[in-house]
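Structure provided below as structure tokens; questions to follow.
First chain written, first letter: the chains are A, B, C and D, and each begins at residue 1.
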Amino acid sequence: MGADHRLDFRRVHVLAAADDHVALAVDQADVAIVVAPRHVADRAPAVAERLGGLVLQELDEACARALGDGGEPGPAFLDFPVDVLRAEVPAALRLAEYLRAAPRSRLLPDPDAVERAVELLWSARRALVISGRGARGAGPALLSLLERLNALYLDTGESRGLVPDDHPAVVAAMRGSVMAQADVVVTVGRKLDFQLAYGSPAVFGNARLVRIADNVGELRDNRRGEVELLATPADALASIVAAAGTRAAATDADWATTVRGKHDERAKKLVEAMRNAPPGGDGRMHPNRLLAALRDAVPADAIVVADGGDFLSFARVGLPAATYLDPGPLGCIGVGTPFGIAASLACPDRLVVVATGDGAFGFNAMEIDTAVRHRAPVLIVVANNGAWAIEVRDQEETHGKVVGTRLQFADHAAMARAFGMHGERVEKADELPAAIARAMANRPALLDVVVTPDAPSSDAKSGLAWVPDLQPLAAWDDAERRWRAT
Amino acid sequence: MGADHRLDFRRVHVLAAADDHVALAVDQADVAIVVAPRHVADRAPAVAERLGGLVLQELDEACARALGDGGEPGPAFLDFPVDVLRAEVPAALRLAEYLRAAPRSRLLPDPDAVERAVELLWSARRALVISGRGARGAGPALLSLLERLNALYLDTGESRGLVPDDHPAVVAAMRGSVMAQADVVVTVGRKLDFQLAYGSPAVFGNARLVRIADNVGELRDNRRGEVELLATPADALASIVAAAGTRAAATDADWATTVRGKHDERAKKLVEAMRNAPPGGDGRMHPNRLLAALRDAVPADAIVVADGGDFLSFARVGLPAATYLDPGPLGCIGVGTPFGIAASLACPDRLVVVATGDGAFGFNAMEIDTAVRHRAPVLIVVANNGAWAIEVRDQEETHGKVVGTRLQFADHAAMARAFGMHGERVEKADELPAAIARAMANRPALLDVVVTPDAPSSDAKSGLAWVPDLQPLAAWDDAERRWRAT
Amino acid sequence: MGADHRLDFRRVHVLAAADDHVALAVDQADVAIVVAPRHVADRAPAVAERLGGLVLQELDEACARALGDGGEPGPAFLDFPVDVLRAEVPAALRLAEYLRAAPRSRLLPDPDAVERAVELLWSARRALVISGRGARGAGPALLSLLERLNALYLDTGESRGLVPDDHPAVVAAMRGSVMAQADVVVTVGRKLDFQLAYGSPAVFGNARLVRIADNVGELRDNRRGEVELLATPADALASIVAAAGTRAAATDADWATTVRGKHDERAKKLVEAMRNAPPGGDGRMHPNRLLAALRDAVPADAIVVADGGDFLSFARVGLPAATYLDPGPLGCIGVGTPFGIAASLACPDRLVVVATGDGAFGFNAMEIDTAVRHRAPVLIVVANNGAWAIEVRDQEETHGKVVGTRLQFADHAAMARAFGMHGERVEKADELPAAIARAMANRPALLDVVVTPDAPSSDAKSGLAWVPDLQPLAAWDDAERRWRAT
Amino acid sequence: MGADHRLDFRRVHVLAAADDHVALAVDQADVAIVVAPRHVADRAPAVAERLGGLVLQELDEACARALGDGGEPGPAFLDFPVDVLRAEVPAALRLAEYLRAAPRSRLLPDPDAVERAVELLWSARRALVISGRGARGAGPALLSLLERLNALYLDTGESRGLVPDDHPAVVAAMRGSVMAQADVVVTVGRKLDFQLAYGSPAVFGNARLVRIADNVGELRDNRRGEVELLATPADALASIVAAAGTRAAATDADWATTVRGKHDERAKKLVEAMRNAPPGGDGRMHPNRLLAALRDAVPADAIVVADGGDFLSFARVGLPAATYLDPGPLGCIGVGTPFGIAASLACPDRLVVVATGDGAFGFNAMEIDTAVRHRAPVLIVVANNGAWAIEVRDQEETHGKVVGTRLQFADHAAMARAFGMHGERVEKADELPAAIARAMANRPALLDVVVTPDAPSSDAKSGLAWVPDLQPLAAWDDAERRWRAT
């Protein structure tokens, strides 16, 4: 292990994954370490001479695990001791099998389980399908099932875009009702996490579960399925539709139609309300006015990155997106800007918009320097309400005193210009369309849009800022306690 | 969480798994925590009120992981804080789905990969199949492939019995040669671990690999397969045979016949040599005389548990077994006696024999008290050579001095009788058949058979006691170094 | 790091420390790793070339930490990677400073703190001194303080023998009362652990604390002292006595005399009761008869090792000892036999007696083979009540059912003889004196004394087998709850 | 643990410690968690009811450990589970002893060790004293020893200011020579870390060591002292001087005078060179011109915070300071700005200057917003060379290619102004004095001074950017290898 020979890392790239297209950015690299949103594996190679030889093999395995080949996808962490970094991999150990792209393992479903799934689904009166991260790549099969079954549908941030927002199965605005009313629930690559009340019977009643995923983390967390299909979701869904043949679904068409009707009404009302949201008591623009302007300007295939505390709960609801990224559950705010930069480099043919609160922006604001230097064509929109607003409200309610969470409506556009980025500050809603158009044309660009801190988000109102003990929402927590006491 | 209500653990059993029959012993229990040979997952539930409710769910998940449902099987460790142990699971949370037996997930293979496997295998001139733990349950499909392909076969302790010892594909005695000569190697639920030279080209040459397993640990450790089938092994093998249809294998029949012939010759010679192994310089019996006597007395369907340092390397080779257990790689000696007790309770209709050295026996010798109290019908045979022999040799060679590793030929039969177990000490080889017969008839029983410490095992000779840096055997290590230097 | 040069571990000894005399056993070794009862430090040396050089330095530091030089004593754990074990320390790095015995650091007390301690102590009306592990070596200074102050005294297992049992300050039998009545409490090298109610005001009332120790673990755990002396205890105590000069103590002499009188009375009653303890309902001997016989036979300077669950709570109270070892808080039962073997080798001029229950003995019973082979002159006395009695009672009370905790009154004497150790089984109390005498004369020796499982220990009665949430005793727990609610 | 009662953290402050004056800032808080530069202890309280009660006690212990009361000072990490955060400490458990300021433990030295130290020191011909973090508070005693002994002296960043730069013992510019020439070396609260060649005989020759510290980390790391004094350094030094009485030191006065003479010469040359440092090939100012201007403007009692990669190695040498902070060994660059903000709030009566490279500044640049909002009167000076220069050089040498480490000479002054801070960009050396004066008068303020990336720092030249295997400097590493081979 001489000090003058070193492992060549020049062709190893470290990327944040915007979506499945991540592979496109890797074509110039031998190996990519993908920093994806969740944990898969810690594999710290042991000491000494063997290690130089293990480097390629461990990098290969790390890529496979990061991409979820044979398990749950997520970050793979490799820690190389200094002496290994200084070693050279012997030529004999540079086996081609560790460097070539391996086809991802495809799991076909157990026919018996498929049969049982069909029986359960085609007997359902009120079927609900919920997709998650693992459903990516299963779009056509998913549409086919929804249509054959006349089922209703809920997505999650990670599977946005698989089913278009205007598809008749989409009932996002009726989330609470359909979760309570469904008699059969299908999860596709979707954990029953806090967004789904952990699948609790307190919220889902006696609904029977069909669970479909290619990894156990998404297959049986929190609740076991009456039918469980450990298989590649696209194959599992296609097999179900094929096995059902021409059998007629038992879905209650009135129920589906009624729920869809209410969803459409609510969705329209929301957009309407956004467009006309009144300014705060301080006269500053409502954040929904900003989101409404972005809805109008951003193309349908844009990648939307949302970030923030209070503002995230506006943006999550107010911005449609074919591909969507945010800090995720238990994630750290501030990742919006770097996510957006990476996505704009990985997918140069799509518009990437980062919609972030000013508090969250501050965490990694200096990355605008990175964006300029690497010509990353990202559009960053800061909703500047001069506060970590969700903390301000929590401190007021919990401690009766605000400490260190009020900001100063600082001029982030001036900061952007200091780093050579197109930057504009916008204080009036009617100036937004033109400013957005100029920014889109001059990317990388930053718009610093002054909004009111007086607009309480749905999260602030419904209680997400103060999480109860058993369920993430006060109403669900109450239901959970009542149910447990039975 | 009152102190007077407690989780009922009366129906939760903790078992060591002898084999797949472990389920038989669990019928009286609500839940079984299976302590199997390898690590799967540490999941330490978090604090507070939620936890009482998570207990059943985590136990259910622990069982699924321990049994390898959707991943690599192995021990699942749950650590319940004291306040959780004192809590009562609310009635509402005792969901039937956590208590019922769930069908194990079955993974069907990707047809494209099957096609590529057939192409590779049916073009092979010298095909070798190697099975491992994950092949359990795939016996008929395995036999079918071996026959269609006219391939040769190597097993491992954990898959013993799937292919009978007298099957024409078995070439265990030619292990080294076939590993070097094969042009295609199929691993079925088998890691390329130290017993297989980590799959190194230094030993396997340019052989092309087909890897079949239902978990990534057995699918792609150390070497990537040219074809990889992530699927339930029985299904993967059956699909391959089916896809091959009537296509004729390209196997070099002369090669197969020659290797088999040499294997038969060696195997016969070994048994012959065992029967006639001469006593040591101290006049004491050779351990192979004991193993030869056991071969004659033990029925074909017996469960054999081998344990020890030096003695294990005799027993591993000298004792055939339909089911076989030993401490495993990186395992701790001494587990033989408790493994044997558990297996004899789990499979009361099969004879369970523990063949152990005296040093290893001493680790858990007091478990004979357990065997007597629980009437576990195990037969323990101690090969008593008055030493931790493999350590004695290592100390002599490495340090030139023996410290604390010579034992005293203690009378373990007298110890057994002190605990109410049938115990006999045997010092002459010709007394063995009758003593074995008496012990088999009076189980639990222990035979303390005095053997010579002068018989160096194959491991002691070939270097396992002093492991080289890169490969476990000196010869392989040399080959590895030569190959790396190329 | 050639494979043919190795670190010489022949002169590195691993010992269990019986007491401070451990150094005597080390004179033949270059370095000793002392396995003492508590954790000090994990220092896992890092990888590569530096490591060969760090070995001696880390061993030196490990010894210093294990012996408590500059911190709390306890086990030091070093984990050497295999390649380091195979390396040779370069001659230049074998610095004498890592191999020579370093004088232990001596800390002198802050004179201001001494002054404050004197003021507090010499104003006390009811002063209580409690010693712990850290007081070892401070015997004369401790006696001097007790006498000058006319204080009362409680010890702990680890500091047994510093103050003779017949010293007028000793009031062990009045532990509960003096803890409640004292107005000033001095801890000397003593943690306020569960045995001292964590120092809670619920038990100690408004007593003011003086804490003396040479490490922070014993100086300020759980409660802060009104005066804290971080200093070598012998020096701190001597400085206090010196600073007090001829000042008269304010101790209430009546209180001291009354408490001592009650202590004497109780202590006498206890011995009387032990000698006459009636047999169980099953006719078997009461365990106190065994302890009474040992009291008569064992010399005053003996090292006593007690082990067991239920039996430990009899032995801890019933056996006086100049040096005493048991599994300690959170310790593992079964250590009695190996502790006794090590102590008998470390202190060959003192009698070492292991008094153990049969359940605990079973954990490491095979070490009698070690004792015989290494001629360790230990006397092991097994109180054989055919049960893990404390578990039997817990299971009966908690689950209403006994599973796997009843043993079989096995013949441990026969087992001892099977390994060449003097062994006798004793079933009648009047045979004990002669049997003990024979065993003492024929060490290593084991007495298997059959006793009744019907005698509930004080722990079983007072609740140690079922530990409450806040304090280890039900009565203290009640007091704690009442006090917290105030 | 009701959800509506919560622990009151309003009076718990979290601070970064600038120096011992940290206590001044805490007077409004009940408890301070001091985030100091090194690790002391992780104490994660366990679960459940006890915990509410332990909160104050653990906070008290955390403060004691952070401040080094009875051990090495450093960060103390407490992790409170959510349910504990929501609990209220019962009134009975709010013991005053956990809230009051406890006097820090003072350790007096062992007189025997003092005697041995005097003997060694007063026989020395070439005595060298080296102070470290632990020497803080020992200034007068240190001066007294230096003068009585006529010894030479080296400090470290953490003990800057104890001995004035113009004291005749100071020979910082002759560091390498005195380390090699000294025959006795005294470390005072100073680790023998990489800055001191780990104390290796390869660099220190046969010098004999006296080590003085109040914690074992600084007492005996890497090398054992021939005399070791575990005591409060001020007391240990005073005791040594007192014990020496009027004994005459044996110091070689010629040696001391010669070394001091050379030091003065070099120091003068360095300042001269700084003032006249020529611009880079790009015409931009040399960073030493900036440092020279700061030397002239900054008062003697200023707190200097240095940060950066390449620039740090200029600033460490070029800026005198009564109190000095930098990222420290293994520290993370970027801490300069937040350190400076905290220091300016903790010590409002002293000027605080942060001298940072532009790369390091970028890590936490957004904290200028914090400085403005909290009116922290810090002066930040960015030496803007448009690069992570030390990485640029490393990449060029190691990989022959620069990736992502060239920056863009961004306008940090404009950024500062965007957040309401006084900001100026300076490109010419002769404009510095006036700009510095304006900035000092308008704090918080930032100067963005454009400097050349062409000036290689001493670290870049001597090899710190490429650390060898055994010693941090190439020259020392060579010496180490030669010495080991002897």
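The criterion applied here is as follows: contacts are C-beta pairs under 8 Å (C-beta built on N, C-alpha and C of every residue); 3 or more make two chains touch, one makes a residue touch a chain.
It should be emphasised that the depicted structure is a prediction, and the values quoted were computed from it without experimental measurement.
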Between C-D and B-C, the pair with more C-beta contacts: C-D
Label of the chain whose CA centroid is most distant from the centroid of subunit B: D
Centre distance in Å when subunit A and subunit C are each reduced to the mean of their C-alpha atoms: 57
Separation of mean Cα positions, subunit D and subunit C [Å, integer]: 44
Residues of subunit B touching at least two other chains: 48-49, 83, 469
Sites on subunit D touched by subunit A in the complex: 3, 6, 8-10, 83, 362-363, 365-366, 369, 372-374, 398-399, 401, 403-404, 406-408, 410-415, 417-420, 468-469
In the complex, subunit B residues that touch subunit A: 48-50, 53, 57, 60-61, 64-65, 69-71, 90-93, 95, 97-98, 102-103, 105-113, 201, 215-216, 219-220, 222-224, 226, 228, 230-231, 469-470, 483-486
